[in-house]
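Two complexes come next, and they have one chain in common, chain A, joined by chain B in the first and chain C in the second.
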Partner chain A sequence: MPSFDAIVIGGGTNGLACATRLAQAGQRVLVIEGRDKLGGSTAETDPWPGYRSPCLSHLLTHLDPRVETQMKLADHGLSFVDRNIPSTALALDGNHLVLTGAAGDTISGLISDADRTAWQGLRKRLMGFAGALAPFRAMTPPRLAKESGNQYLKLAQLGLGLRRLGRDEFREFLRLALINIADVLEDDLADDRLRGLVAFDTVLGAWMGPRSPNSLFLYLNRLSGEISGKRGATALPRSGMGSVATAMIQSAKTAGVELKSGAMVERIIVENDRATGVALASGEEISATTVISAINPKTTFLDLVGPRHIDTGFANRTRNIRSRGGAAKLHLALKGTPDFRGANLRSRLVIAPSIRSVEDAFNAVKYGEVPTRPVMEIILPSAFEAGHAPDGHHVLSAIVQFAPHEPKDGKESARNAMLENTLSVLEDHAPGIRALIEHSDFLMPYDIEDRYGMAGGNWHHGELAVEQMLFLRPFPAVAQYSTPIAGLWLAGAGNHPGGGVSGAPGWNAAERILSRGRS
Partner chain B sequence: MNYDAIIIGAGHNGLVTACYLARAGLKVVVVEKNDWVGGAAVSRSLHPGFTYSNCSYVSSLFRPEIMRDLELPKYGLQVLPYEGGAVMTRDGGYLAIFRDHEANRREFSRHSPRDAEAYDPYSRDVFRHCRFIRPLLMRTPPDPARFRPRDLAELAWLGKKTFDLSESQIYEMIRFWTMSISDFLDEYFENPVVKAYLAVSAIIGTALGPMSPGSAYVLLHHYMGDVDGNVGAWGYARGGMGSITAALSASLTDSGGEIRVGKGVEKVLVQNGQAVGVALDDGEEIRAKRVISNMDVKRTFLKHVDEAELPASFVKQVRNFKIRGSSGKLNIALDAAPKFTALPEGSPMYKGDLHFTDSIERMERAYDDWKAGHFSRDPFQDVMIPTMIDPTMAPPGKHFMSCFVQYAPPKIEGQDWTDADRDAFGQTCINQIDDYAPGFKDLVLHAEIRTPRELEAEVGLTEGNIFQGELTFDQLLFNRPVPGYAQYRSPIKDLWICGSSTHPGGGVMGAPGRNAAAEILRDIRVPTDMSDAYAVL
Partner chain C sequence: MTDPRLHFKTPLRQTPFHSRVAEANVLNKWAAWGGYTTALELSDGEMEYSAIRNSASLYDLCPMVKYRISGADAGAYLNRLTIRNAAILAVGSVHYTAWCDDEGKLLDDGTLFRWADTEYMLCCQERHLPWLLDTAAGFDVAVAEITEEIAALSLQGPCSASVLNAAGFDVKALKPFRMARFAFDGGELTVSRTGFTGDLGYELWIAPDHAVSLWDKLMEAGAPWGIRPIGTHALDTARIEAGFIVANADFIPAHQALREDRVRSPFEMALDWMIDWDKGHFNGRRALVAERNGSTSKWALVGLDIDSNVSTEGSIIYHDKKREVGHITAATWSPATKRNIAIAQLLRPYHDQKSDNLWVEVYALRELQYAKLMLRAKVTPRPFFNPARRRATPPGNY
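Up next is the complex of A and B:
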């Protein structure tokens, strides 16, 4: 039975990042992935002949700078079509609004001067807050205890960073930290398209509407991401999202990580409260000094470790990780070019005409129902570069919100209704698009759960919400990546700073594991 | 005539401030636009023989320290604790509510044995949060953006108090403060009726639904009161809620304070950046060393102070203050006691809160209507019949019923309420009661229907918000009413605010009024015999 310093369960971006960091520090590391393909939800598929399509994530907003540089992703083939693709807020009358630059530093389209100025002010303020919060992403969450081994110096610096924004800005930060985004947008802006776009971006991937208190914090979280040093960027990798996964796999290999895909971990072997290895579905057992789970924390504790090795309170706490998925994923193969009333297809197309439209779409899923007018973010990778679809054809990828994860009327009927409503909204904005559809693939949150092992279909492996962030993510006892079981660590999106293709949780976990070894 | 202080508005907080100042030897006058005192804590006779608590309707939050300092029992205030209540379900059943923990637990077990088990840890956890927050009520919030000794000392006190908790308790508290009541209850309970009952306190008076993050805190806001030292208990003020303000008025007059009713304030007079008095509607001017407004912050600064006297940034902050009303009220004179099909006759449940909303989903859907700018089609109602305990409010054999209703928006789809809207709203509520008590409609002798429009017109609560400002974190503690002005002061020297727009917020609590008085007396270095905050727990 082969033995490793560390086994990483899950070959998604966080698993790869964690493994690479450990291997770079000289450890013998094995990554085990249950699916045939590494890369998790970042990988790509070839669903239909001639077409390539992203799996789940189709854009990059957070790529941890340490991961990007220390994994030398550029050397391993990662480059970008555009590091800051524009966002188009689609309007039914063709009066679209286009935001370009980091988090929309310029707006084009018909919009009042008052709104233009107000947006600049709001954006600057929020970018300032996000900048002050960004360093938190790259550290183990502090503990709120007197003797805790926190990085006090760093925390003090971060605290000071917020205070340095100035007294008035600091006060504004304290006021806005837990406010809802809708109120802020309504206070400052009058334009429905702009409000709708920001409201949509705020709750993208979340299980809450723009009127939910604490939602503004999610927008700050979005803005705190960076790509190649650019904050607030939305980047499209060259040759698709799959190239992020490919570059990471290459980097891991170069660092000496062993990769094993198509192998299901059946359980984590625990002896005397210590994790000593994993048992695969094939019956094979592999031992290691450290076992690191970069998959869902619920699956990790409830299925792989099992109730026998954890106490009841801990098991309950694990069950209480809120993990409702609210996003569906649509892929279309189109035999022509769709026309979104003149919108530039080389941009991120957002259908969320108002705050109300986003809130209404959320209302339905609270009761396990399908919204009549879903809101969505659309990307046509084939409009940016060749190679995604046959000539003259296109592939469309859309994140559609909100979709119920536990539909009242059954999964089949909810999927059909959701797809129909989605296509009908699309048709309204791009007349004739339905006639262009050659193939379609539609994933509801429960399909995503089945396919990618994300509990509840939540992309973040646990809802991103203030009460499940930082030292509360996924819950306090395991928020510093360590677990009550010696030798078992968490390194997935379920931990701080959460999901999105960033590699940050994996990298943070590796740093923590290494510093533990040193001390 | 020159006063030491003019208080604008004879609501309970204005009167509390006035009482404390008068007791400290200041010459005070309270001016009130209505012909009666009380603000939203009033008893009014609107139908012969009946007394309505026509705004606030139950008491629990009123701080016992204030009651003792101002000797309110001596001036006639009597709070009658009540027992009982029920959630009636659509299928004709009910969940009975008792004040006794064990009795409640037994009743829960009838619906779900698991929930009965969970009730102990639930109560323990909630009251731990409650214990933490209660001492904060009677303290002026620190300004975390300044480094004055008093702010640093107060922050240090808060820090120490926090770190007196265990590490896991701190985490649980932060979670509790930020999560939705629905998610919180899901961690303990399974039965929808039990959850619906427990969620109620989290939405009362609030423009949030049970699934809104932050709603769990609002629950605490309603739990931290007590009646006779029983924390979390509620009672009726004998003779209606006006008895509280009547006792305050008597206490004030006894201390030499003056109250002038029927005197609406037109403007706060400001000279050289300093408040010097008020100009009344009728042209009269009253001068004083300081002016204290019990009106909400929007009304005070946007309607009764010249904008030119205020910094533009402050005016913007006040404009952005959130004060959307979310509730309405029906006050009904009944010919006889109603009979609810689900409840056994003569049951003690009639003595408490009666609810028909038997699931969180129904409650949340009622909120969805509010968000869309409608009153709820299937509203949540907190129905009470105070005359089951206090016979002074109706003729023998007849009853006064108070129905608190969620949700009613400040405007209907962006338009002002019309009389037809109001009547439709009232009809919706009455129909709902009739569904559970057939024949109820025939008992109605008179009904007063109050939407946010009526609340604003009569009581002066902007947008009909009963808390003088929403209770979300962006408007609590040092953020209330607006950052930088949480210490009862305003940008204008000698103009103070003492209403529920300030910390710790709404409810018939008296704490804002008391804290404002403490700040004023501290400012002019007058020694007081004010009780310090103490925790009953």
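Up next is the complex of A and C:
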């Protein structure tokens, strides 16, 4: 049986980040990926001849700075078309609002001076809070239990950072931390387009509406991300999201990580209450001193480890990780250039005309229904650079919300209805776009679950919500990356500061594994 | 069928033996137990206790909660649930067992009956269906509560074997913790040589519609031996003499405890002898390994022998009359041993190294006035009463 210091299950960004960090520390590491392509949700596909399309994620907001620099991603080919692509809040009358710079530094378009000023104030304040929270992303969440290996110095720095906001701002932070975004937007802003855009960005990928309690925290989480030292970034990698995967794979290889794709792990081998390796679907068994799961925590414990090796309460807690997916993914191959009423296609196009539109779209999925007017974020990679579609053609990638993960009228009918409603909204904003469609591909949350192993089709491998973030992610007993089973660790987006494409949970886990090894 | 909305009119259910117990209950002393009306004392508590130790006693056991666990993984499931090895329990056998939560704290204890290769019955004091069902995820097993499907009677006392034989059930060859089946009244009677008295005795399991005829049969056959229906008070005296513990009397099930320091591990309730460390993982194992390796148990369960004849139930125990070191969970004057006995929880190490200077503070009610007593207590082995007839096979011909 081949043997490694560490086996990482799952070759997504977190798996690759974790493996590379361990290999850089001298460990012999194997990454096992079930799909044919490494890179997880950042991998690309060639669904139709002549077109390239992102699989799932199509923009980068949270690339961990340690991952970016220490994996030397730039040297391995990662560069950006733009680290802050503009956001266009689409309006049906063509009166769009365009936000440019980090997290909407400047606004162009017709908007009142009052709103312009108010937005600057709100943005600055929220960026300040997000900045104070950002260092937390690069550390293992603390625990109250004895001997938890808390990083007290870093925690003190974090606390100091929050105090440094000043008395009034700290009080504002406490007021806003657990509030819903809709209340704040309605307090501060009057413009529906701007409110709609921020409300949409807040709940992107989440299973909550802008009026859901604590939703503002998700916006802070979004703003706490950075790309190449730029906070509040919305970056489009050059030649597509796939280049993130490619660069990480190259970096892992350079560090000496062995990569094995197309090999499904069927079981984590537990002997004498210790994880000693993995068994593949092929029957092959590979042993390792450390087994690290960078896939979904539910799948890890309930399927790969299995209930016989875990306690009933722990299994219940795992089963109860909330992981409802509310986002659908649309890919279109277009045989011409769509016209979103004059909007700049080299921007992130958001259809979310008001807070109400986002909340209404969410209301439907609460009852397993398809919203009549879904809201969405659209990217046309082919508008930014050549190589994504044949000349004169375009490829459109959209995250459409909200889609029911458990539709009451059945999966097929929900998919058809959701696609129809989505195209109908698109047609309203870009008349004639339906006639341009050459191919289409539409993934509902349950399709995403089937294809990418995300429980419930939730993009973040567990809903992002205050009660499942930080030291509560995915739940307290495993929030520090270690598990009750000796030798088994978690390193996926289901752990802090997971969600999204960042590599941070993987990197944090590797640091924890290394420091625990030393201690 | 009665309207389920009228359930409040009968807050307590009646057991299948109720008509007979009610007839015998001339003192009319009733109490609620697990949702049923049960008798505390029928006609004379001392005579009822005496029947347990000197002739034969009949006790209505129906409120004990029973679960059927069946399926190909039944053994593996019970090994994950309980601390003892259920897979090696022979078909037709019974063992005492206990189960814990993730933190290794006791949820309950009970008896496990293996009816067939893939079928068990778990019998316990408290209800646990959600926990049992949650534990079943991932196992090929069906768990069902069958408390109402089985009427249970406890026939205990030195003459109990003779009574059964006279009733036509030959149990001479039946060893302790084994089961036998007999045809009865057109149905099937299961007899297990188990009980809660520490004496020779049997428990009888039958479908509810045969319950009354079984009762009548045993009362008739047992008449020459002075068989007597008994209430819970008499049984409680006998169980304390036998050193047995009861959930919610001697320990709080972890799922019911509100105060975090009230929960107890098997080590702390002297049940660690049952733990099978080699059978693979079971609920709470990791916590129990840590407790064992770190010697972090805080409490110990002990038997106490106390000066005087005043019952010490619920009393606080002091070391050197000053330092509070534990409390008594069950106590009685023991007629069989003529001692004042108690089951107690003591902080370690007052259960052994520092057990030489223990005192029990008792407030004895004497004609409307409490007298405060400090009584000397000595740690003593359990069971307090352990007659050889309990284990003899064939049983003595009393």
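Assume the second predicted complex is superposed on the first by the 517 of 519 C-alpha atoms of A that agree within 3 Å, B and C clash if a C-alpha of one lies under 4 Å from a C-alpha of the other, contacts with A are read in each partner's own complex, and residues count from 1 in each chain.
The rule is short, and it goes like this: a contact is a pair of C-beta atoms (placed from the backbone, for glycine too) under 8 Å apart; a residue touches a chain by one contact, two chains touch by 3 or more.
The shown structure was predicted, so the numbers you read here are calculated from the model rather than taken from an experiment.
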{"item": "Clash or fit, chain B versus chain C on superposed chain A", "value": "fit"}
{"item": "Partner chain(s) touched by A:Arg164 [first = chain B, second = chain C, both, neither]", "value": "neither"}
{"item": "Which of chain B and chain C A:Ala315 touches, first, second, both or neither", "value": "second"}
{"item": "Which of chain B and chain C A:Glu467 touches, first, second, both or neither", "value": "first"}
{"item": "Vertex chain A; arms to chain B and chain C (CA centroids, nearest 10 degrees)", "value": "60"}
{"item": "Which of chain B and chain C A:Lys408 touches, first, second, both or neither", "value": "neither"}
{"item": "Which superposed partner A:Asn363 touches (first chain B, second chain C, both, neither)", "value": "first"}
{"item": "First (chain B), second (chain C), both or neither touched by A:Pro307", "value": "second"}
{"item": "Contacts of A:Lys124 with chain B and chain C, given as first, second, both or neither", "value": "neither"}
{"item": "Contacts of A:Pro484 with chain B and chain C, given as first, second, both or neither", "value": "second"}
{"item": "After fitting on chain A: smallest Cα gap, chain B-chain C, Å", "value": "5"}
{"item": "Chain B - residues contacting chain A, complex", "value": "144-146, 163, 167-168, 170-171, 174-175, 178-179, 183, 186-187, 208, 211-214, 313, 320, 322, 361, 364-365, 368, 371-372, 472-474, 478-479, 482-484"}
{"item": "Residues of chain A that touch chain B when the two form their complex", "value": "143-146, 148, 163, 167-168, 170-172, 174-180, 183, 187, 208, 211-215, 320, 322, 356, 359-360, 363, 366-367, 465-467, 471-472, 476-477"}
{"item": "List of chain C residues in touch with chain A within their complex", "value": "76, 80-81, 101-102, 131, 134-135, 137-139, 280-281, 283-286, 289"}
{"item": "Touch list for chain A against partner chain C, complex", "value": "270, 273, 302, 306-316, 319, 484"}
